[in-house]
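Residue numbering begins at 1 within each chain, and the chains themselves are lettered A, B, C, D and E in the order written.
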């Protein structure tokens, strides 16, 4: 029986829980034994290193991993490949991407760019006077964090300077950045703090949908209505898309964790069968599992799907 | 049996000299004092003044640095809101630290119980009041588990709560399936869960019921600690548990009541957190345990137990809140906020130590 | 049989082991109404252990204890206290950070009358302070600045005073004192001895553990001599010299009649 | 001055009775024992046996649950590798806990120093040996800072290191710009940083130099603690600092040396961590502080200081490693792993308490 | 001026304040070669404080201390120890978890000769254990099972023995003993008194703080009476009665000639 491993960043993020569901279902379908691992918190590199090693020790055929640190895990993953395992990065690419045999991921920069472009188009001429708040992940500034943040600003038409550094831009439209730890409580507090700096904020970028939900609570408490502020986010989880339908989040870039997981498990099955590896999306160094902008306020020049469609696909 | 009720019939030879002994206790002339001595002395007799002064100073400092925006009633009331949940945890933590214990599991109990309430009321359709009461019971039970391990199995509090922290954290993930419960779903199915998010407007300030709850919690605990026998026993147990036991206090019961009450207060904080955050998120407040301890120590409550006023913890929490808000508004990077809080802990406690060093 | 004929406390065959040490080795004990019973013995003979067993601070492994003829089993000193038995420990058992008044009343605080006390369980601080001050004055034991000052601000002698005053104020049956004068000066020791006699005059019996023979022979009505974990004999101080007592307790001489008094 | 060298001329009246007193100290018959008593007694006299037995039992248990894969030399040596870094932190932590302190900053110092080494050697082109020495110096300085705050400013260790943990964490983010240094860059510019990742093959087992370093670290500390005056002083200070000071130990110096040495050992662990992880990640080992404390307490070292063998911490770290590896291989979800570790802490320390309760 | 004429210790105008309490109030102190000097006084008079100031356990705020005529300034008792001054504290200052041998040598451990000792700083455990056993036997103070057993397994009296033996073994100038017999029984106290006299016979001076007048009058060559933070007078026990001494120290009488001895 073929064995495969799924190693996620944490078990506390519904995105990874979904990913695990997808992988487990696919593995069952293909008759593969799936072992799952996770770190205790985001950034928990050592647990992931230990997990990769355990997979090698267990004689797995391949590993699906969402690296907690796109650079730090390279050595152990290389070791796994040297031991004949197929390693596939999910969600977060390695740096460089070819550390893994293949990557099934959202293009996080692209995801950010889509919501940035959308926000600019939505504001039209008012974009020149936008007051922008950016709600990021945590002080560690990991790759998803700067890719989405940078993508958003780029899409909005702002010069991001060092693409790996958050907060080095000098565009006066930016009110500030704050961290949310990717959850509702952090989202609310960060939004409150930025509103203190400028109560006229009208564009809010959020790292993910829980942070967006928290930000909305703060805006509501500050007396704002959904029409006063544009909130954009990334993920496209079912609760997030429902928030789009209800007009709380204006647009979100939807990712497809179940697809990532299923494709990954299939790739390992094929590798076990005939030793073939999946190929990347032409023109990219990874297999783009796609990202779709979900919004009920489509704008010209930015392709999007409605929340109704999004709800059907949510985390499919 | 001979009846010897008269005084000193068999006094030993040496004691003959006692006749006419001065009966006053030794007294010495008071020493002259510098201004600094004087300040130290005043603060020594009113140790809760220390965090109050630190709070006042940081308010002034950030008023200058961050400008008037910082000083608006709105911002000040906002700080209160931001502080409210950690403040309640700090209240629970203070009780435990007063008994010379420590609780690394407060935030885990709080989050677990808000997940329990939400699961029951929103996902399983249990009537909200019952869900809330179930959360309270769960919090008290979690606290009681800590208490039993500490008093019966005689494990050190640090170790006990390090262990149960892991246990509660795991249960939280399991119960919630790592999923948040959305604000709108709560509004629809169990709006009572958000009760503490409601607010009253007072001029520019917005006072949430959560903030009021926090203040009332501190006042009630202050009353209990200072004006009931139970409170005196909490201090006595923290001060010297053996002496307390021998002088007639059932120390085990006191400890059990303290841990159980703390667990209950955490559940109450869990309810209030739903109102504060708007939704129920199993991932929030991961650092709440250490943040509550930080507030308590900045507030001047001794980690060795038995000393300090619970109101100090309130001021401690506010000091941290003022720092975070002030630095944010002044546009300081998060990482330097972390840095500043680190030094704040050290300096606040150093001042407190300096104050306490004087003998009364 | 009148109450006065039955000993106040009677213990038979008490045993207490700590791991491999037998601290009490089938020992008996008897305290009579209104007397001062001194307990003497070498260091480690088991004096503290036997009195702790009697007041519930230690749970004996074997043996029985009768108070006024009725078998009792105290699972903690609190239960003994409820029967009017007070103990002054060698370590005093005061809470340093609490006030003198708080310490006097630990575990038996007074509550306000009426609503405040009944429903809010509010302490009656004024009443407790009044009582504490009264007791301390009554015993003439000290001149403290304030009844509200923390015990840790008192000198060793003053603390001893608080502990003794607490016991004397609440005892109705008897008081056990474990080396109450060990750390005290001549003057302070004298005060404690006088206090002991005052208390007896009020009809309360006292068990006094002490290494100070002149003190023992001065105040004791009977002397319980403890040796190697058990009662060796009880003597009347009028019939024996200090030298005899020391000889018995150290094993230099063997008492002729066991239980001489 | 009169010369009174002869014995007892002025003996008091009472003492006349002493002539011929038995000179033996009180002795009592030994008590009969049950088998359980017997086991308890043996363990009491050899407390380090407890973690060894727990370790052996967990090996057997997981051998049965997780099958022979678990028992392969490869997997067993892997557990050693996985444990090595936390093991080294636990060694440093043990030293501090033996003095009745606690260090919440060990992992922060370690990560900070591996970032310092990497920044200097890889990014700034400083010769690798100098970069490593700079890291050592930094680690020792960080430890010294803790020590100074604890001994001079007299802050409780818990508070001090809670503060410096924040400070070191912030510095780490600042220095690293939150960026990991890639494995390939280290290989190219400063391969020496990866020295402890090298290994020797012994049959199926792969022994890394990092594992060897950890074992040597424990042996050296064991020797120092048990066979040098410094080591005895560490125990004495942890046991009763006042008695230690009065009996001629310069307790401040001992504490300063302990914190500084611990800081240095953390830096050494930081070097080893580069070899272990292969790259330098500023976000790694965030939970290392509490994990090191967990290893120490499971290893039977008392949080109250002065009691326990440092080798216990090694076994404690291995027990946690065996549990994690065993549960992982048995396919248990992380959340239940966390749950199990929680109970492991509680049960291991409960057994230890039970053992120590017997008087010798 | 021969060394013998200069007092061994001379302190003048010592002052020590704790916040608002003046524990030593311009006090003098003198110890002569080879004598036993008793220090007596009420509880809280400042006896412990003054001897602590002399041995470096307390830093006086004012005043000077001369040892054999030379001004000294000890910043810790360790420095005093290096000059041959030993202290037996009221609290004993033993480390409960360490062995008897370890405790005897804390702070002055013996190292192995040669490479092991010099480079590996290895302790010479056999030598230390031999020495410790010898000293304990020599003083006839106790029969312990093993010199390696932790001090916490000893009885109070045995612990006292270890502390006294440690001081006696290493002192070359003088030993300060703060209430060494307070917790001891008659027999154990006697042993300590004999030991004190033995030590003096070896030419080592002793400062003995005690509340036990018979003991003081038995062994002391001179008695330093302390009152309200300062030396009231020094008397020769042959010229005064115990009753006089107590009257002086409690303020019942005033000595006619200050510094009588």
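One rule holds in what follows: a contact is a pair of C-beta atoms (placed from the backbone, for glycine too) under 8 Å apart; a residue touches a chain by one contact, two chains touch by 3 or more.
Chain-to-protein mapping (UniProt): B, D = Fructose transport system permease protein; C, E = Fructose transport system ATP-binding protein.
Quantities reported herein were computed from a predicted structural model and do not represent experimental measurements.
Between the contact lists of chain A and chain D, the overlap consists of B. For chain pairs D-E and B-E, the one joined by more C-beta pairs in contact is D-E. Each chain's centre was taken as the mean of its CA atoms, and the one lying most distant from chain C is A.
Set against the C-alpha centre of chain E, every other chain centre is closer than that of A.
Computed from the mean C-alpha positions, the centre of chain C lies at a distance of 46 Å from the centre of chain D. Chain B and chain C have Cα centroids separated by 39 Å.
Chain B and chain D have Cα centroids lying 30 Å from one another. Distance between chain centres (mean CA atoms), chain A to chain C: 73 Å. Residues of chain D in contact with at least two other chains: 12, 14-15, 17-18, 21, 25-26, 173, 335, 338, 359-360.
In chain E, the positions touching at least two other chains are 42, 44-45, 155, 157, 186-187, 213-214, 246, 250.
Contact with two or more other chains is made by residues 11, 41, 139 of chain A. Inter-chain contacts occur between A-B, A-D, B-C, B-D, B-E, C-D, C-E, D-E. Taken together, the chain C residues at the contact with chain E in this complex read 41-45, 155-157, 179, 182-189, 211, 213, 246, 249-250. Within the complex, the chain B residues that touch chain C are 1-2, 4-5, 7-12, 14-15, 17-18, 21, 23-26, 223, 227-230, 232-233, 235-236, 239-240, 242-250, 306-307, 359-360. Across the complex, chain D is touched by residues 11, 35-41, 43-47, 49-51, 53-54, 57-59, 68-76, 78, 95, 139-142, 164-165 of chain A. Remark: chain B residues 69-70, 75, 78, 81-82, 173, 177-180, 182-184, 199, 206, 273, 276-279, 281-286, 325, 328-329, 331, 333-335, 338 touch chain A in the complex.
Residue ranges on chain D touching chain B, taken from their complex, read 102, 149, 153-156, 158-160, 162-167, 169-171, 173-174, 290, 293-294, 297, 303-304, 335-336, 338-339, 341-346, 349-350, 353.
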